[in-house]
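Paired with chain B in one complex and with chain C in the other, chain A is shared by the two complexes that follow.
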Partner chain A sequence: MLKLVVCIKQVPMVSELPWDPNTRTLKRNLAEGMMNPACGHALEAALQIKKQHGGHIVAITMGPPMAEEVLYEAIAMGADRGVLLTDRSMAGGDTSATSYTLARAIKKECPDFDLVLCGCYTSDSETAQVGPQLAEELDVPGAAYIEHIAVKDGAFRLHRVTDNFLEVLEMDMPGLVTVTTHTYMPRYPSLEGLQSAFARSDIKILNARDLRLDPAKIGVNGSPTKIINVYSPTAAKKNIVMQGTAKKVVDEIFAKFADRISGAIGKDLKTHYHDNKACTK
Partner chain B sequence: MDFNPCMKHQAVRKAVRKFAETELGPIAHDIDRDARFPWEVIEKMRPLNYFGLQISQEYGGAALDSTSYAITVEELSRVCAAVGLCITVHNSVGAYPIEQFGTPEQKERLLPRLASGEWIGAFCLTEANAGSDAGAVETTAVYDDGDYIVNGTKVFVTNGGACDVALTFAITSPDDRRKGASVLIVEKSMPGFAVGELEDLSGMRANPVSSLFFEDVRVPEANLLGRLGDGLKIGLITLDTGRIGIAAQALGIAQSAFEAAVKYSKERQQFKKPISSFQTIQNYLADMATEIEAARLLLYRACALKDAGQPFSAAAAMAKLYCSTTASRVTNLAVQIHGGYGYSKEYDVERFFRDAKATEIYEGTSEIQRMVISRAVLAQLV
Partner chain C sequence: MNRSIWVFADYRNYFQNRVTLQLLAKANQLAAQIGAEVCAVVLGYKIDEYVAEYIAHGAQKVVVVEHRSLQKYSMEKYAVLMERLARDYQPEIILIGATAFGRELAPRVAKRLGTGLTADCIGLEMTEDGLLRQIAPSFGGNLVAEILTPEHRPQMATVRAGIFQEIPHNNSLHGEVVRIPLPKDLPKDRLRLIAYQRQPQRDQRLEDARVVVCGGRGMGSKKKFKKLFELAQLLAGEVGATRPVVYAGWIDNDALVGQAGRNIRPQILFSFGISGAIQHTAAVTDAEFIIAVNKNPNATMMKMADVAVVADANQLCSALIKELKDRIQT
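Then we have the complex of A and B:
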């Protein structure tokens, strides 16, 4: 029976969130929380491994008390139990502080795990760093952006698609993977699952003291990353009217924009165009 | 008194909303246009317990509390009222009476099939000459050697074209108006049972509403629900529960129309301004928001009373009356805010407008709800 840990983050439902142009931040207080999409795929991967090989799934999340909701959702989908890490001192942690905290919780709650599964990134920060950093903290092999997990002879065989190549990797147990959103489409939680999860779920709540966390390594104070600015990139469109003969206009386009067009299509158009012009002369 | 939804109710709402928006959202317009029951979505709903919302877990149901049940119907109907209708009718007047009044054998045999959605349920009361007046039913069930022989025609049966089991209201003692009716569990496989043409209705077009024909259908005595002559009692209690479902459905339609109206009013420019900047439109939106909130509170209060085991008949009637009236008013204003586009089938508010009207008619008309409410009021106040 495999011991599986799935790390899940509750993220704001960004599609429903207004953006405050003055403070240049999301109005998070208006946010409905939801399970980070990629974490849903990681959970589905764990559920499919469990179905095939037998297993026990612990879902772990770190966040404010309301983040408990994603653990109920995970249990409704098929996880066996949940662990909520919540403490004001953990708030505002960067990926390093988060990985440290998650690692301590995993070592305490599931020290003999076979596989930790994370989403490849979160929709609210998109750093994709927590998974790999967590593997370091746990001192186990880690493989990111995994699309298929097979269990064979006490090891994992993993598929990863990068730049149109399929990599097949082998990883010893215990290990950690981050799962993409391309495969392992998450199932819907059943209504009976939700009802039972809330009626009799086993959710453990742990704070910094329970985990004996080093205060210098958690929360804002324990985060080496400092966010200097958050802003919404702007894109402006402008019409330019060119006049004259076709030849004149085409020459002008290439003189002014060949670099940009080349960048977009990946060909050195300036040289190409001028070479062709030279040939026709 | 806590007006904040608990975490479970939030989770149920999110789960159902996600399912409805993903699976029903892309097809809701087309299945309404084509009057097509979406079997492919029904198939996906079966394992998720949508057909066993309040059936006990021992029979494979989800055993939801009434507020979770209402939220489920509300969220389905927010996207597709015709499927919301199928689910609420199946659960509240198809399966619930069996759970409530069925014998152990009936529960054992029928509830697992209903909870899994293998069988879809319907409730047949309305006839050509009987609707609000349940006592005027003409369908008969005559006892004959261990069976009841059922003859008659039911009309406007929700889920009629898809049902596997029909709880059928029939006269067993023609001379006794009060105790003369009974409810029989008629199964689709019984000879003499036939489904008529689908009704060509204004709204709820994706639900296979149809007539059902009963021609010398032999129904075993074991399929009598409750006791002989309990028809009126079962009907009234069942409809109290059914009204919670229809109120939830109406609320979902109103919510959807309101959201569409807010969005459109911010986008639509007239006189070089979004129309939401005009006071008349703002007043419309304020009225819509207020009525929807009031409707929601009435509905959830009826649910809370039911779960607390307190009398909820009048509260359910108030919720049904107010939610359905609100749905009609809100969808009417949503069409008005959309102007010509709202009158076009291209926009969803046109569908919401047609769907809303039905909620004022079925499961007891608004006039019948007022009768139920006034009886309760007059019985209480000196």
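Then we have the complex of A and C:
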């Protein structure tokens, strides 16, 4: 029987960009949140491990009170219980603060875990830093971008494809993985599952004091990085419109962007036999 | 001690991945503004070749830890080594390429050093106060954040490949090489590489492709859609598709780009005959530069493009193929 912890973040819906174009700032409150996609894959991986080997799954999220929603969803999918970390003093933490906070909660709630599963990255700030930093905080081995997890002889056998290598890794127990979105397609929670999750689910709510967090390490104040500005790059996009014959448009594209294209494909595109003719004239 | 800017040498895919060289070039620009030296850190075994390369590409100093036990990339050993070296030499800034390895190594090193880290930057500048302004995309490229690490050192960032231009190879450049012996007390690897295999280059994934040619229903037919493969090949890129195209069987399911398929973030996205439904566009907003071709100038895809070409998708595809063949062959 394996003790599994899944870290889940609530993120804005794909269609809802939390950006206020009038004030040109990030909106504070989400109108509607969802489970970060990669976290769904991490949970699915945990559910499959549990099915094969037996186990107990704790889902943990840090966020505003409404983040509790993702815990109901996780329980409806099959997690055994949920832990919500919520406190104003935790808000606005960077990945260093977030991983510290999550680590404290894991040490308190599930100190004898065998495996922590995170998503490989989130769809909002997408740093992919929380997993590796959490492994450091917990002082366990960690491996990112995992596509397959097997349990073998008291260790984990992991598969991943990174930087053009297909790798098979062996990781000691306990350990941490971050799971990609290529495999472990998350199941849909059943209606009954959802109903019973709301009816009698086991969700614990903890604040900074419960976790005895060092105030100097959490939230905005405990974050080494500071966000000084956020803006929408699409507002700055030029959107050049081109029309005319295909030949004319293609000439125009190369006249303006040959450098950019050759940079991306790693081939020189400047020399053209028309130009050569012009030179020898 | 001299102020320095460090670049982690990620040499594993040296010929495909030039991000280390690009970072050396950028580090040179930044260093000039704060009066620092540029230093590459190379960990591995039999790496003299790379040391020489980095000097020829702008490293004024190269710190080398060479040992048989570092022959293969090891996350835990590298993290400990980077931490110790940084404590000894106290660089102002550490830049790491945003390869999969770099994006896993950097947060571990930052955590060990108790400093901040900005992920996957697309821009780096020095502020008037001499701080590193780190510019990073978020929300699928829909927003850009500017981040500082005002108090903690080193300031750390991972940086996407293909943003900066490398300095051309120059054998007359000189650099100091500092060799550090492997510490005796490195931790035992709790994560071990059992087997690995280089993926054939053709198998680059859509997600990793620097150029993606995406086709939609507006391509017209399976036969016409095939032209996109020729275009993609000339551009060393991959072909993606929308859902109607996949459903029609013009291409494998694997190529689906969108909510139900893959997210892409190429340097250039060519989009042919695609209307721009949210389920598709949510997965392409990270593309750095979009050239869209559509008969309808008001299509959403055209509005979000950097270049919106009002034309027949097939004709434009053929004209591009012809032009590229001319330019690549001469």
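What we mean here is this: the second predicted complex is superposed on the first by the 226 of 281 C-alpha atoms of A that agree within 3 Å, B and C clash if a C-alpha of one lies under 4 Å from a C-alpha of the other, contacts with A are read in each partner's own complex, and residues count from 1 in each chain.
In this text, a contact is a pair of C-beta atoms (placed from the backbone, for glycine too) under 8 Å apart; a residue touches a chain by one contact, two chains touch by 3 or more.
Source: prediction; values computed, not measured.
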{"item": "Contacts of A:D114 with chain B and chain C, given as first, second, both or neither", "value": "neither"}
{"item": "Which of chain B and chain C A:E44 touches, first, second, both or neither", "value": "neither"}
{"item": "First, second, both or neither for A:F198, with chain B first and chain C second", "value": "first"}
{"item": "Contacts of A:L166 with chain B and chain C, given as first, second, both or neither", "value": "second"}
{"item": "Contacts of A:Y72 with chain B and chain C, given as first, second, both or neither", "value": "first"}
{"item": "Touching partner for A:I240 - first (chain B), second (chain C), both, neither", "value": "second"}
{"item": "Of chain B and chain C, the chain that contacts the larger number of chain A residues", "value": "C"}
{"item": "First (chain B), second (chain C), both or neither touched by A:D87", "value": "neither"}
{"item": "Touching partner for A:E147 - first (chain B), second (chain C), both, neither", "value": "neither"}
{"item": "Residue ranges of chain C in contact with chain A within the complex", "value": "12-13, 16-17, 75-76, 79, 99-101, 103-108, 110-112, 114-120, 133, 137-152, 162, 165, 189-199, 201, 204-205, 210-211, 235-237, 259, 266-268, 278, 282, 285, 289, 291, 297, 302-312, 315-316, 318-320, 322-324, 326-328, 330"}
{"item": "Contact footprint of chain A on chain B as seen in their complex", "value": "7-8, 10-12, 14-16, 18-19, 44, 47-50, 52-53, 57, 60-64, 68, 72"}
{"item": "Chain A residues touching chain C - in the complex, by the definition given at the top", "value": "12, 14-15, 17-19, 26, 94-96, 99, 123-130, 132-133, 135-137, 140-145, 157, 161-172, 175, 223-234, 237-244, 246-247, 249-251, 253-254, 257-258, 260-261, 263-267, 269-274, 276"}
{"item": "Parts of chain A lying in touch with chain B, wherever the complex brings them together", "value": "32, 34, 66, 68-69, 72-73, 76, 188-196, 198"}
